Structures are given as C-alpha cells and as structure tokens.
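What follows is chain A paired twice: with chain B in the first complex and chain C in the second.
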Partner chain A sequence: MSLNFFFHSTNSIYFLQVSLQSAFLPADKNGNEKMWKYIVKRLLLIFVVLFGVTLVTFSAMHFAPGDPAELIALARYGSDLSSEQIEAVRAMEKLESSVCIQYMKWMDQLLHLDFGKSLISGDDILTEILIRLPATIKLAFSSLCISLLIALPAGILGALHKNTFLGQACVFGSLLGVSIPNFWLGVLFIWLFSLNLGFFPSFGYGGIEHLALPALTLGTSMAAVTTRLTRASMLEALNKEYIITARAKGLDERTVILKHALKNALLPVVTFSGMQLGYLLGGAVVVETVFSWPGIGKLLVDSIFARDFSMVQGCVIFIAVLFSLSNLAVDILYAFLDPRIRYEKHN
Partner chain B sequence: MDKKLNIMLLLLALLAVISASACIGEEKSGAAKSTGSEKAGPEQALQELVVGISTDVNNWNIELFPDGDGRFVWSQVYETLVRLDPDLQLKPGLATSWETPDKGKTWVFHLREGVAFHDGTPFNADAVVFSYKENSYSRQAMLRAIDHVEALNASTVKFVLKKPMSLPFYLTHIAWPVMSPTCVDKEGKFIKPIGTGSFKFEKQVKGQEIELVRNEEYWGNKSELTKVTFKVIPEVSTRVMALETGEVDMILKVPEYDVIRLEKEQGINVYKKHTTFTDFLQFNCKKSPFDDKKVRQSIAYAVDTDQIVKTVLNGIGTPAKGRPYSPIMLYSNPGLKVYSPDPEKARALLAEAGWKDTDGDGVLDKNGKPLQVKLLVGKGEWADRHNQISQVLQAELKKVGIVLEIQTLEGGAISSLENSGDFDIILRSGYYVWGPYPKHFFIHTSMCPNSHYSNESYDKLEDEADSTIDPEKQKELYYALQDFVIEEVPAFYLVHEEKVIAASSSVRGYTISAEDPWLNLEGVYLDNKSE
Partner chain C sequence: MKLLDIKNLRVYFEAEGGIVKANDGVSLELGESEILGLIGETGCGKSILGRVVMRLLSEKARVEGRLLYKGQDLLTLPENKMRLFRGKEIGIMLQNPAQALNPVLTVGEQLAEIYRFHEGLREREAKEKARAMFKRVGIKPDRLGEYPHQFSGGMQQRVMLAIGLALKPSLLIADEPTKGLDPSTKHQIVALLSALVREEHSSLLLITHDLEVAATICDRIAVMYAGEILEAGPAKKILSSPGHPYTRNLLHSLPKYGLNVAVGQSPSLISPPLGCRFHPRCGSCLKKCSKIHPDLLKTGPRTYVRCHVYGKSGKADEIMKGAPEEMSEKTKNTAEVGRCHF
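Right after this comes the complex of A and B.
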C-alpha cells in the first residue's frame, strides 16, 4: 500500500507542477532576467508541492490499517505483546496526542531539517538517507547514460529506415524491452554475465564492476520506451516543412537530419528523460533488491516491511524533493532548448 | 544555436562530474572490503568464510527484537546461558550447571569461570543481571514471568519467577543472550555489540555486509575461521547464483525449487534438517463457520498435506497431517493419531454441520449463504512458501465445496484484521517456538493475544504443562494437549519444515543444526584444495 501510494504521490506532484507551470511560463524580452524570475517562482512552488506531500504521507501512514503504537510494538517486541507494552510505546513515541498536533510537531521538526529518528534502530533518518544517496545517484546517472546511448541511435535509425528490416528490428527490440520485467532481466544478466561468463560480480556495491549489471538492466529497460519516443518524434520532425526547405536549400542529408530534424525531435525526449531521472533518484526498488544495491529505494522498502513509519515518511519526503528538483531542472533545460517557450509571449 | 549547444554540454559535464564524484566518494569505503570476490588464491589460507543472508542485522541491542536473518549473526557474537546441540539436547553454555530448589519457581545458575567478553570485561553475575534487566526484550516479551534476577556471588545468579516454568529451555533462545554491560554508555545508549561468542563484531556496512573476526580468547574450541563476513543479498535467486559463482561460500534459506539442481552441481553441498517450525492454519473459532468443530475437522480431512510437500515443496519437509509438533521436538508424540485425507468424510462432517449444496452450483451453502472463507497470507519471511501452499489449499478445498478466498497482506494489515476478528483462517509458521520446548501451544490459549480460540480446559492444561518441571508429568500433559489439538482442531498443522543450507565443497566440518534461526559454525574450516 505504501509503495503504491508513493508512486501516486510522485505522479501527482508532476501533474501539479505541469499544470502550475503554464501559469508561470517565462516570458520575455529580457530573457535572462525573466528566466531567473521563473526559476525562483518554480522553487517557491516546490515548497507548496512538498507541503502537499507531507500532508498526504502523514495521513497515509496514520490512517493505514492497524494502530501505529501496536505496529511499532510488534516490530520491536515480536508477536507476544501485552497491552501495557503497547501503551508504553504510545507514550514513548508521543502517539497519544491528536493527529493534528502530531502533524504539527512533525512539520516543526521538518522545517528545522530534522527528519527524526528511526523507530526501529533509533538511527538518524537523514544520515541514513544520505548514506544511501551516492549509491542511488551512481545508479541513476549511469543507467540514464546507458539508456540514452542505446535509445538515441536506435530511435534515429528506426525512423530513418522505417520500412526496412533494420527499422523494424529497432521497433521489435524496443517492444521486447518494454515487455521484459526488470527483475527477470536482472536475474538473466547475472546468470549470463556472472555465472557463465564471469565478467562481473553478481551482487554488491563497490567499484564500476559492481555497477555494470544493475545499470545495464535499468538502462536497457528504460531505453525501450525512449527508443519508441525518439523514433516517433523523429518521424514527425522529418515530415515537417522546414526539412523539405532544408533539403531544397541543398544541405547535405547529414546536416538536415542531425541539425534540423534531430534537434527538434529531441525536445520530448529531454522531458521524458528528466522524468525518468526523477523516478530513478527515488530509487529503483526492483533492481536494487535483485543486485543488493544499497540505494534509497531499498531503504524505503525495507522500512515499509519493518513498519518503520518515521523512516518511510522521511524517505518519501526526500524522494519528493529529489523528484521536484529534477523536474525543475528539466523545465529549465526545456526553456533553454525550445525557443517557442522563451519567446511565446513576445511574439 | 551554438549557445544552446554550449549550455547543453555544460549541463552534461555537470552531470558527469556529479556522478564521478559519487563514484570517487565510494572508492574509500569500497577498497577495504574486497575479500568476497577474490577468494581464490592465497587468501583462502586465511580461513575467511563468506555467508549470504537475506536481511541485514537491524538491531544489536538486548532491548529490541532481532528480526529476519539477524539472529544468524547474533548466534556468532552472543551466547546464551544454556545451549542446544545440533539435535536440540540441552547442554551447558555460559552456565555450567543449574538447579531449582523449589520446583521451578526460582532457578540458580552457576556461571562458567574465566570467561571474558570481547573487550576484556569479565563475564560474571553482574553481566547476567544486566542482560535480563527489566527493560530487556526478553522480559518485555516471553519472560514476563521473571520477577527479578539477582547475583548471589560473582559466579552464581538467581532468577526468581512469578510462577514456575522450565526456564533453562527459555534461556537457550538467541534473541535474549548475555551481553556485556559495556555495550551501553553511561546514559544507557547502545554503543556496539560485545558478547562472549567465538566471533567478535568488526564492522557493519548498512544494507551490505557485516564483518566478524575470530575471538582469540574464546573459552571453548577456538574457531579455525579467522573471519566471517555476512553479505546481505535479499533476492533469493541472486543468493543462489552468488554461491554458484563462488562469491559467497555458504547461503542460508535455499528455496525448495533449487535444491535438486544444487545437489547435482559439482562443488556444492546441500545440507537439510528438520527444524522446530511447522506451518499451520489458525482458525477463527469465534466466528461462523469455524466456531463449529465439525467444520474445522472437515478441513483436516479435506487437505492432503502429502500433496503440499510433493507438489510445491519438492519433497522438502514432512507432511504434518495435523500433528502440531515436528518429530524432533521435545514431547512430540510419535504415536499420535493424525488425519489422513478423506474428502468423503469431510463432506459428511460439513453436511452434519448443516452445509449442503442445495442449489447444485458445486459450492456448499447453509441458509442461503455459500461456504466462502477468507485465508490471510502474510508478505513477510515465509511469503514464497505460503503463497504456494495457499494455492494448493484453495484447490483442495474446492473439491469438497468450500470456496477459499486468499488475501495476501502486509503484516500490519493482518494484525489489524486479527484484532477485529475479520478473517476465517491465517496461514502461519513458527509462533512461540524456541529450542525443543513445546511452548507453541500457548497460541491457542485465551491468554494469547493472537488467539481466536477459547476453551477453559485447554487453557488449564496448557498452563499446567508450562508450569510443571517434572519431565514425566510434562510429557503426559503435552501428550494430552496434542490429542486435544487433533480432536478440537483450533489449528490444522500442515508441514514440518526442513531448513536447507548450501555451501561450497571447500567448506568442511559443517554440522547443520535443527535450531532455527541459528547458524552452527563450530568446527567449520575451509579447504581450498578441493576447488
């Protein structure tokens, strides 16, 4: 339940941002200044979004089935509980006050950048998250790179040779990629590259050799969708009038495709990759579990199973921050790339 | 255009720098722990064992419960006053002998002398008093009957109980071992694990690994192994492959479906042994239809536990046929009259209880209500096993006209349904089980918070069995309880579990223990010539 909730919440953040974005599009004559205003506004909006996230997270955890005090006691003391123990936990974790007061106290902590302590281990939540952050960042960026390295050439080839065997092969390959579940692909890669070929270690965290398989697994599955998107927008761009003009001007095919078609076709790909990055920074739960990669996603799932409410809340907030920031980065990049966004109002 | 390209390049460069710096930051922590993957060669002579486990140790403190695979690691670092051998016979641990002057109300333990904790702190009566203090997990949980613990002298401890009980059996449990008082600082804050076990805690990298080194001053037989590293590998198929590639030397909790394949594989040994766990169906006896004994008995006749073991467990484990105790447990009655599958009898019992198929749709009904029951299956440690078992149950019960609705839920959701009583059956394993001691029957008493069965004569029998310490009398009472459970069926017992451990053939001298969760590394050494 909590996991589902998390995906929904990040999704809704995105939609909220998109809808609000239209109201604050950068406009103008004086490009740079307007751009900064835009960025500042977007940053402020993030706070509004995060406030919503705290509200949703908190209520989801508190209205989930089961009495929180009892669940914490269960996690700490096992199944054999007395009612005194449950009451003791309630007092210890300050769960006796009303939900509103608890929420306000929690918000007060958050505003002081205090994520609180884990209910199970007593460790500082922010420290725990930050320990996992490098692993998550490493995996997110390397799999995004792999994904783009596969998807861009495959998508362009697929569009340019759409009616040939090569083009169909690209489409088929990406269809296959979309259909294969991550956990299966991961196990298959371990079987092939670790067990049979002995190229990479099968699990764990450390150097580049440990990163190879998880990044490849995530990268290839992400590449599937990006390939289709690149191909589609490339096809669309190639049918535009300016391409005919470019060709008529006598430009060589290479320039036409790379400079004129690709540049325009890349816009949706950039947006999409940014969103993918957001998801990845939130932790790739399945791949992290298969390869025992100690990222944020795994921390979140472990804490859900351990019923560590405060840790789950901390993780969700942190992931929401990362997601919002990466979306912001994409929007800014988008405004830089697409002149129509910058000059819309001016014209 | 060029400007835009520049900005893009700049951003790309920035991303590259960020990811590179993340990589560099990691090198430091990565460099120190390269033992697992380079185990071939001279390192093997160092006798370093690498074990793959499924969950990290989330707690080392006696005030909390070590869940998941944590106890396999605890059993290397910490020790208990009373120990069990691989066949579950009591033997001296940190206590060399014990006695009870008043039939189990007080227990006096004579402690082993000349034993020191890993940091040099002497092991004595004070350490025992510290470990069984009021707020320790053990006394908050199963040992609530302890009134107080006092040191008679440096090597003698007295446990005073509120009611008689067989304390030595309870004290074999690794979740409540003896810890050094120096584990905590002056304010009582936990610092690090310090025990008396044959391995010392060296370091833990959260979510990845735990390193233990040999305790050179161990009081018993010093281990041949100089170091044991537990690697956390949550995904079971990854764990199996890590053993096959040689990245780990030993894995715990091997899935049933991999056993036959691993047994055939060169260079891998598979160890199996019955544990004290038995999977069972716990009925909600306070609600229709299971408030009727006949309906519960009909389930016992309808379910073929042989089929469960054969079809989903690949022959691993023993069909329980309703027998509550695994044959290796103390007082398990080998002559117990168990159930054999008999669908006709099941249907007859259901008919007697008023459940008949009046509308001819293949589902039994009574007063216009179809016989549809809800089975709760947890998402925890036993999930894989329980999911498969529940599907077999669904098919078997369908044959006698019962519709079984399976609900797979997270632990919190199950406990809330349990509290509200909104369920019919829960599929469970290993509740209140430690050592060979048959405490498990507690779950069916009305005193147990998880119970949905209430029968005064049962409560009395259980209480009497638990507070008697005379073995003969105890045996008689536990035999009576077993007959009771077979007749009354507050729960129907399905499969006596077998634990499976696989190790590389370079791991020698390993004896699998029936105790679970427990990893017996006594006598284990590595022989690299066999590879």
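Right after this comes the complex of A and C.
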C-alpha cells in the first residue's frame, strides 16, 4: 500500500513539473531550475504532512471513548436503539475489522481521491465539501482584501507619524482590534448594521449584501494584527542605510517611502497574509457559525455536532491540503519578492 | 574659490548618558576641483560631518553653525530646495555598500531612477545612461538587472560610486570607500575614484581612517579628533611635517614606521576631556593643555593647527623628539593597549 502511495505521488508530481515547466518557458535557466526543484521538494513534503494528518485525525476519531458503531447508529436512528441496529451499522460501515485494516482501507480510498460518504446523510463527502468551497473562498478573499485595505495604510501611517496623535490612534485601533474576539465583534456588527441601521442582512448566503458583515468582521479583526506587523516592519525599513542612500539621491519622500521602504517592509506582511489566507480557506469556523455562512468551517462544526466522523475526517484532510498549498504559494511568492532568497534558498 | 565652507558647525544628539557632541565647532573649507581627506579614528564624528553636509541626519540631531555651499547656507534652505541639491550638486557614497544599497531593487533600477527623477528621462533613456555609467565605473553593463547581494564588496563599491557620480555633482562625499576591501581591490577603487573625480573636475571629500589612501590622492588633509578639527593643510605638508602630536601619532602608527599606536582610547563625545581633547594621550602635554582648550591657529596659507605646544619653544619637532619611542614603551607596560586603527 505504501509503495503504491509513493509511486502515485512521485509520478504525478513529475508530470506536474513537466507540464508546468512547458507552460511557463523559463527565462533564467539556472534560477528557474532551482526554483522548480524547490517547489517539487515542497510538494513532496506536503504528502508527508498529509500522511501525519490522516494518522492524527483517524486515531482521534477511533480512539475517542465509546463504540463508534453505537454512536453512528445513535446519530442515524435516534436514541431508541436496538442491538440489531448497532450490529447492522457495524457490518455496513465495516467496523468489525481491526483498526489498522480500517486505516489502510481509508488511505486506499483517499489516494483515489475518494473521501467516502457521510455517515449521516450518505452524501459523497468530497462533493459536499466542494459545494461549500465557493462560499469559503469568497469570504476568505474578501476579508483578506478588507484587512489589507485597512492594515497597509494604517501601518504605514502609524510608522511615519509614530510620535503624533494620528500614529498613536493607529496603534490604539489595532490594539483594540486584537483584543476584541471575533464572535463578539460579529454580534456587535449584526446589532449595529443589521438590527439598528438595517444596511445588511444578519445571516444567509447570496449576494454581496450577505457577504458584507462576515467579511467585515473577519477583515477588521485580521487587519489589527497586520497593521501592527506593517508598522513594525516599516519602522525597521525606514531605519536602514539604503533609505539614506535613497534620500541622498534627491528622491522625494513619496518615492523613498513607497518604493524603497515599503518594498522591503512588505516581505513579512506577505508571508503573514498568506498564512492568514491559508487559515481562512480552511474555514473561519467562528464567523461562519455566527453568520450562518455555508462554508467549510460551518460544515465542520455541523458535522462535529452531528457526530459525522467521516465528514469531520474529510473536512480536516481537505483543510490541511488547502493550508499546505497556500503556505507553499506564499513561499514561492516570497522568493519572487525577495531576490536574496530566490538565489540562495535552494542551494 | 571655495566650494564648501563649513563654519563653526555643531551637531549634537540627545542620548541616554547626555548630549553627544558629534561635531563640536568644526570649521573646514574645500576648494573647487580639490580632493580633501578627512582623517580620524572610528567614532570621531567624521561620518556625521559627511552626512550633515547633505542634511541626511535624523530630525533628532541639533545642527548649528554655517554650511556654505557655493555661497549659499545649506542649513537655512527649505527641504524642497535642499532636495534639488542632493544627487545633482552633491553626491555621496555611504560606507558599507552592502547595507547602503536596497536589497530588493536591481542595481540598474537604483541607478536609473536618479536619471528618471532628476532629468525626467523615460525608462529606456534612463537605462541607457545607467549602462554608460556602469561602463565608466568598470561594471559590465549586462549586470544592470542583478541585485546587490550578487556583487562582491569591491563591485558594490563601484555601484555606489556610479550612484554618487550619476549626475556629475560638483562635490562628491565618499565615506570610507575602502573599508573592508582587500589591498588590490582597495587600490583599484581609490584609483578609479580619483580618476573619475578629476575627469569631472569635481571636488571630493574623502572620509577615511586610512592614511595611506589619503596620502595617495588628496590635495589637502584635515585631521579630526573627538568632534573637532585638530589640523588641516596641504597633504604634503601634513604628511611630511605634521604640526599636531596626534597627527604625528597617526603617522607613527603606520606599519612602515613600526606600528606605534597612541595609548588609550578615543575620548567620549558626551564628556570630552577638558582643555585639549587629546591631552590625556599626548606625549608632550604641557600644564595648560589640561586646562585651556586650544584654538585653531592659522600657521600658513590654508594651514591650521589646534595645539598649545605648536610654535612654543621653537619647533614642535624638537619637543616631540623621542615621543614615539617613549610611547611604545608605555604601550608595552600598560594593560590598556591602544587600539590600532590602521
């Protein structure tokens, strides 16, 4: 089984590499070749990470107290159970074989991209997740945009005017944002914008008016941390010698700040935002629940409450994949932004 | 004709232990097409002097005095006018090019932006000029697209030189351009620097602690110590018959004179010694040296010395006789061995 797994992964990555390489014809042969090697290495590492994730989720689900067959039957047929019903479930879900065999079978399914069926509704898990994916992606990107639209100007202003009222206001605002929990902010926004002002609906999924409140909630709370990071790295960049060189060339302050300082200061911000995006793509559990947003986070919470083991497992694996891929994307983006890494990292 | 005339310049910084007097009454002049070497130990305030000429210090610095450039006081100029002087009239090569070049921009862009900004050139024309400038400083023009970390120390210094001279400024300030370079690279850079400056008929303020470099290319030399000028004059005169014991000390500390280093550390800029600032380390100290601060004396055409001993009882040379030997004895005996700056 494991040999089979290895063969599958290396082969597909090789094909991926070849096809991607021909898609973007490399200009700088040497640097690009190193870059590709690095990407392939990272993709292989993702499989290792995912292997760990399957182990952990599987054990967490199966070593939890209680007889899984009974729990499933409980979820399916309600509290009034007969022992025949439980045994029927055990036979149907193949729970009588040993844990190892069950795990192997599950892995075999996963490698064929078969996440299995929901224990409760019987729906295909992957289909179910993919149905929820657009909602999560919409929420993730719009809240990231909101957060960056707030955080970048606020962080830059906070750094440039660090000793004035404006700068202190930026710092105070971001401190406030960090301290306010998501679920409370969400409820506050519902109370303010939906109940009192009637601007946006308080829950549901559909047009941009439904997206507004959850995206605003997530966006502002993320912006708080990003603002602090932007401010700190901007302050650091402004203290560097190359800023003095830029001024000595007679450039105006705008160019000095927005070109010479910001381009350096953005490096950590990009990494951080990318990680935030990865986290959001895994479903913003709290906010999706507060606003009844039909994303992956809501699906995960619902299936936990419904004791839908297979659905929980599927969600966790899927989230892990998204998270790993977005981290890889951040690293690649970082290499393109920071020339020093582009040439050194893969030696 | 004086290109730059610095009069009684003071640069003070607030620090934890008190006020750092980085430049404490510096007066210095630089003629047109002249190369002036500003020599001194690390931390004597010479780099600050280089930066204050372009007003590149942080807002925390308190600057007083007059800074006349072509007859115009740069210190009273509004910031938007001063900006036009930077790069175009006065260029600077900061020390440590590895940190003074922006790591995320290509070297070509860091040079070309000067032409775009000051001369309003388009992308292609600016690139073309950058190419030509790279050729002049001895970098292959096809390296325009590379990043600073891909260059060696000497090559980075050439990039700094290209940036400093991009707009053919009347004055170039070079801050330790030979720091951290191996001897052959050092000589190449110095030769290139002086050749280009002479070619442009620009003036050069060469800030260095390397006496040999200064001796090679400078017309005049000024010696700085603890925030003030101790001696200034024609390079030949300073090097052959220095008027100040400190300068003599610097000369004696060169390897070819036997590495005789002045005892002790350079003084604190927060509370410099009373009287002559060099007196605690001086081998020919008089009584009044520890009490009265000596003035900068004019001893010849464009020649100045700040020393009580100078001119007293005939020649300073006689007083100083034997001093270096005596000092090397001291160096052996005291636990606190003076740092060698060369």
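In this section, the second predicted complex is superposed on the first by the 315 of 347 C-alpha atoms of A that agree within 3 Å, B and C clash if a C-alpha of one lies under 4 Å from a C-alpha of the other, contacts with A are read in each partner's own complex, and residues count from 1 in each chain.
The rule we apply is simple: a residue touches a chain if its C-beta (ideal position, glycine included) is under 8 Å from a C-beta of that chain, and two chains touch if they have at least 3 such contacts.
Since the model is a prediction, treat every value here as computed from it, not as a measurement.
After superposition onto chain A, partners chain B and chain C are found to sit side by side with no clash.
Comparing chain B with chain C, the partner in contact with more residues of chain A is B. Contacts of A:I244 after superposition: chain C is touched, whereas chain B is not reached.
In the superposition on chain A, contact of A:L337 is made with both chain B and chain C. Following the chain A superposition, chain B and chain C show a smallest Cα-Cα distance of 5 angstrom.
The intersection of chain A residues touching chain B with those touching chain C, taken from the two complexes, comprises 337.
Within the complex formed with chain A, the residues of chain B that make contact are 4, 7-8, 11, 15, 18-19, 22-23, 25-27, 30, 33-34, 36-37, 55-56, 58-59, 64-65, 67, 137, 140-142, 144, 175, 190, 205-208, 231-235, 237-239, 241-242, 244-245, 247, 379-380, 410-413, 415-417, 419, 431-432, 448-450. Within the complex, the chain A residues that touch chain C are 240-242, 244-252, 255, 259-260, 263-264, 267, 337-340, 343. Residues 51, 54, 56, 83-88, 91-92, 94, 96, 99-106, 110, 113-114, 117-118, 147, 149-150, 160, 163, 166 of chain C are the ones that touch chain A when the two sit in their complex. Those residues of chain A that touch chain B in the shared complex are 1, 64-67, 70-71, 74-82, 85, 120-122, 128, 131-132, 134-135, 137-138, 141-142, 183, 186-187, 190-191, 194-195, 198, 201-208, 289-292, 294, 298-299, 302, 304-307, 333, 336-337.
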